[in-house]
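So that you can tell them apart, the chains are marked A, B, C and D in the order they are listed, and the count of residues begins at 1 in each.
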Amino acid sequence: MKEWKDKWVIILGGSSGLGLASAKKLASEGLNICIVHRDRKSYLPAFNEEVKKIESLGVKVKTFNQDALKEETRNGILQSFPKNSVKLLLHSIAKGSLKKMSGTLSEVLTAQDLEISIHAMAISWYEWTQALVQREIFIKNARNIAFTSEGSTRVWPGYGAVSVAKSVLEALMRNMALELAPQQIATNCIQAGTTVTASFMAIPGSIDLAEMAKKRNPFNRLTEAEDVANAVYLLCRPEANWINGTTIKVDGGESLS
Amino acid sequence: MKEWKDKWVIILGGSSGLGLASAKKLASEGLNICIVHRDRKSYLPAFNEEVKKIESLGVKVKTFNQDALKEETRNGILQSFPKNSVKLLLHSIAKGSLKKMSGTLSEVLTAQDLEISIHAMAISWYEWTQALVQREIFIKNARNIAFTSEGSTRVWPGYGAVSVAKSVLEALMRNMALELAPQQIATNCIQAGTTVTASFMAIPGSIDLAEMAKKRNPFNRLTEAEDVANAVYLLCRPEANWINGTTIKVDGGESLS
Amino acid sequence: MKEWKDKWVIILGGSSGLGLASAKKLASEGLNICIVHRDRKSYLPAFNEEVKKIESLGVKVKTFNQDALKEETRNGILQSFPKNSVKLLLHSIAKGSLKKMSGTLSEVLTAQDLEISIHAMAISWYEWTQALVQREIFIKNARNIAFTSEGSTRVWPGYGAVSVAKSVLEALMRNMALELAPQQIATNCIQAGTTVTASFMAIPGSIDLAEMAKKRNPFNRLTEAEDVANAVYLLCRPEANWINGTTIKVDGGESLS
Amino acid sequence: MKEWKDKWVIILGGSSGLGLASAKKLASEGLNICIVHRDRKSYLPAFNEEVKKIESLGVKVKTFNQDALKEETRNGILQSFPKNSVKLLLHSIAKGSLKKMSGTLSEVLTAQDLEISIHAMAISWYEWTQALVQREIFIKNARNIAFTSEGSTRVWPGYGAVSVAKSVLEALMRNMALELAPQQIATNCIQAGTTVTASFMAIPGSIDLAEMAKKRNPFNRLTEAEDVANAVYLLCRPEANWINGTTIKVDGGESLS
């Protein structure tokens, strides 16, 4: 797409899963990619392979293996972006406590667990958005997208912190959609179906969960990261300028039943 | 799009408003257009001009000035479609009673008013869908889309029948999304913002309504038929194959507040 | 309750399940009971036993073994009610098609199946309400309540007609709540959890469904008809005058997950 | 109610508005009242009058003019409660930032503003709940209730922090309803309509807001604190044991349109 030439996407949590798949899809359509991630040394060779693939699509790639939740990371990275250079800010940070709300004092979900999850999975999106807005880094008709999940409305034992954080994410989305529209920024969430990503596999019992999700899906398969990346791409197209303030489910219908 | 060559879109209620705008957008991307409409003679010259514009995009156009709510219309039209020929069925029929639920017996909304509105605005979508499914007219990765409105969940005096019909539409969407997925049909609704169409202008007080909707919209303008047509197009693209069973708001954020 | 003395409850579908349990609870609080039901001869001895129990609570009971969906039934029954005599109209009619949306033409859910289910399970409520309103039979601070289910938003194969009908029910509730408030009628729905009633047991696979619902319920038991009847009673109390236009879930939390 | 004899209600934010009205209603039904509040000296004489009225109903009253958001307050107060002594924990703390999401760096809503609002208006509820659970202070069939508002789903400029905090409140409610049910605690939210309380009047433009809310209400009056207190009472009655995990609107239908 012509209007995307020399424009950037900033992906928070983009070294794997939904973030990385989105990076690839958007790069293949000509957008430059900036990935902020947090990975151990052992993962870097694999990640660098992915980066090379993205670069081979003919776009520029910057990566920062730094903590996206810190102000200094944000300030450091954003000073390299000129005004009117970013088409999309994509938030894909999954880092929530999996403690339960019942149990002994030492094992039960605390207020602090909640606050850390809310900050990582939701408020950090708002912080980055404000930082881009204040620096006028977004282009006209920019996009601001975050990934939510069915957990924002349905609940399971042990997912309290994630559920709460996703609720915050969607509430922030609605409010940013309203208040940032005058600056020509469209803000939305994508509710992805169950996808077998690294963060998903870290959940206890994830194999059973995946099996159930597959059975429940009317298409009888799981969501793939590429399905979700495709939706990010659609929301970036000019035909989506008027889609603002909504959560789009990209799950094949998994959440219907 | 290559895979769309020689494929058809059937639009119920496609001679103006959201339906016609969608016809134009999809024709410009190479899809043949079949419009089923119900218009008076006086509108036909204007409509024929529109048809010529669509044809000039290099696609085939069929139009039927017949009652889309009748079985014989459906049977007659569909017998001209071979198997595997239709990419999209688009329902855009707006024909609901505007009577109130309070008042004297002679003026109050009746069960029959409700049933006629439900049939026209919702069940007719299901009837056409089933007719296409039974005749195997849908292609693989087909789309089935209908237009809903905020009225499905918010209520105003005099909009009871429309509100009920839109609820039926969305419930049918969810059920068809679930039950027709195995046939590779993705079913969704688009919730359009306030758009100044002929059917909208027929509503008493519509000028005031439009003024209020504009003020309420975070982008400070009304929804245009083209905004909605763009979303129909996005949902038809292959990247939307996994979007199934959801209502996508296309209103710039109007419904947020 | 003093203000309920000599006042009536009309229960559509009150010979078993949620309707009958509500009849008993409200009778025990001093309201007269009118039950409109449709039962075979073989059930009548058991039903008559229940009627005697209700009468033994010191209230009047009328029963009509007639088709509540017919206008003549409605007219016949309502002519026996004077103005300002009915505190509550309770709709508890469960009669929906269980056909699927996919299959051969002869077995697939038809438009007519949908319309019959919508009329029985939803529009009949509106017809009775209007009949009471036109005849001024409701007292001040009357209640108008219907039973909905999770099926209004979640879907399963074979439940399309029920799902659609429950959506209509809730949309009618919202509109009646808005338009009938000036006549001091509060209209609400109660979303009951899975309850082992006669109509539930008629569903194929109901025993498995009940087992799953029990496991899913955070209290680890099914909903009982008395739980729901208790909520009907709470909504009738004067403290509930300001609850209007909402769906109250009475399921112990079953629908959360 | 007999089973309430010698049992307590703890109200966080109970010196005025919805909290105080609830205190009065519940005291009139025989429950002892503990109010945690934060007021200036100038308000105390008026508050002490209210306390006397409550005591005159024949129940015990404890009040603590301390910061309910601090752990030491919580610990101090709860050590005076024996096991199995509290029927209801009622959260009525309204303390959210009213900053906008657009504007200059110095005036715009910050992450810290969000976090403070979320803690005060939502997470503090969870902290108190856990403190009562860990100390086994709740009785069997206890209630855990918080007040939410339409702002949890609808948005207005300047209400971002409140909107987010109310989303957290409702997500916490759903999760606590699920995870604390095995301990026989029913957790719900009440969504009150626009009520002219001290915190409401502190909002800029509140007089206009109240006027609009009155017009929009189908009963053509505002919500009163007593309407909401009545609903708190209904939820405490034994007939509400099975209502768990839901948000009950108590607004006369204001939020319908």
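The rule is simple: a contact is a pair of C-beta atoms (placed from the backbone, for glycine too) under 8 Å apart; a residue touches a chain by one contact, two chains touch by 3 or more.
What you see is a predicted model; the values in this text were computed from it and never measured.
Engineer: Could you say what rotation angle superposes subunit B on its sequence twin subunit D, using C-alpha positions and rounding to the nearest 5°?
Structural biologist: C-alpha superposition angle, subunit B on subunit D: 180 degrees.
Engineer: With contacts counted as defined, which of the two, A-D or A-C, has more C-beta pairs across the interface?
Structural biologist: Counting C-beta pairs in contact, A-D comes out ahead.
Engineer: Quick check on subunit B against subunit C: do more than half of the interface residue numbers occur in both copies, making it same, or fewer, making it different?
Structural biologist: same
Engineer: Just give me the whole-number Å value for how far the CA centre of subunit A lies from that of subunit C.
Structural biologist: 44
Engineer: How many angstrom lie between the centres of subunit A and subunit D, each centre taken as the mean Cα position?
Structural biologist: 33
Engineer: In subunit D, what residues contact two or more other chains?
Structural biologist: 155-156, 174, 177-179, 182, 256-257
Engineer: With chains as vertices joined when they touch, what's the shape: line, ring, star, complete or other?
Structural biologist: Contact map by chain: complete.
Engineer: Can you list the residues on subunit D that touch subunit A in the complex?
Structural biologist: 100-102, 105, 108, 110-111, 114-115, 118-119, 123, 126-127, 130, 133-134, 152-153, 155-157, 159-160, 163-164, 166-168, 170-172, 174-180, 182-183
Engineer: Where on subunit C does subunit A make contact in their complex?
Structural biologist: 154-156, 256-257
Engineer: For a test of understanding, state which residues of subunit A touch subunit B in their complex under the given definition.
Structural biologist: It is residues 174, 177-179, 181-182, 193, 218-220, 223, 227-228, 230-231, 233-234, 237-246, 248-253, 255-257 of subunit A that touch subunit B.
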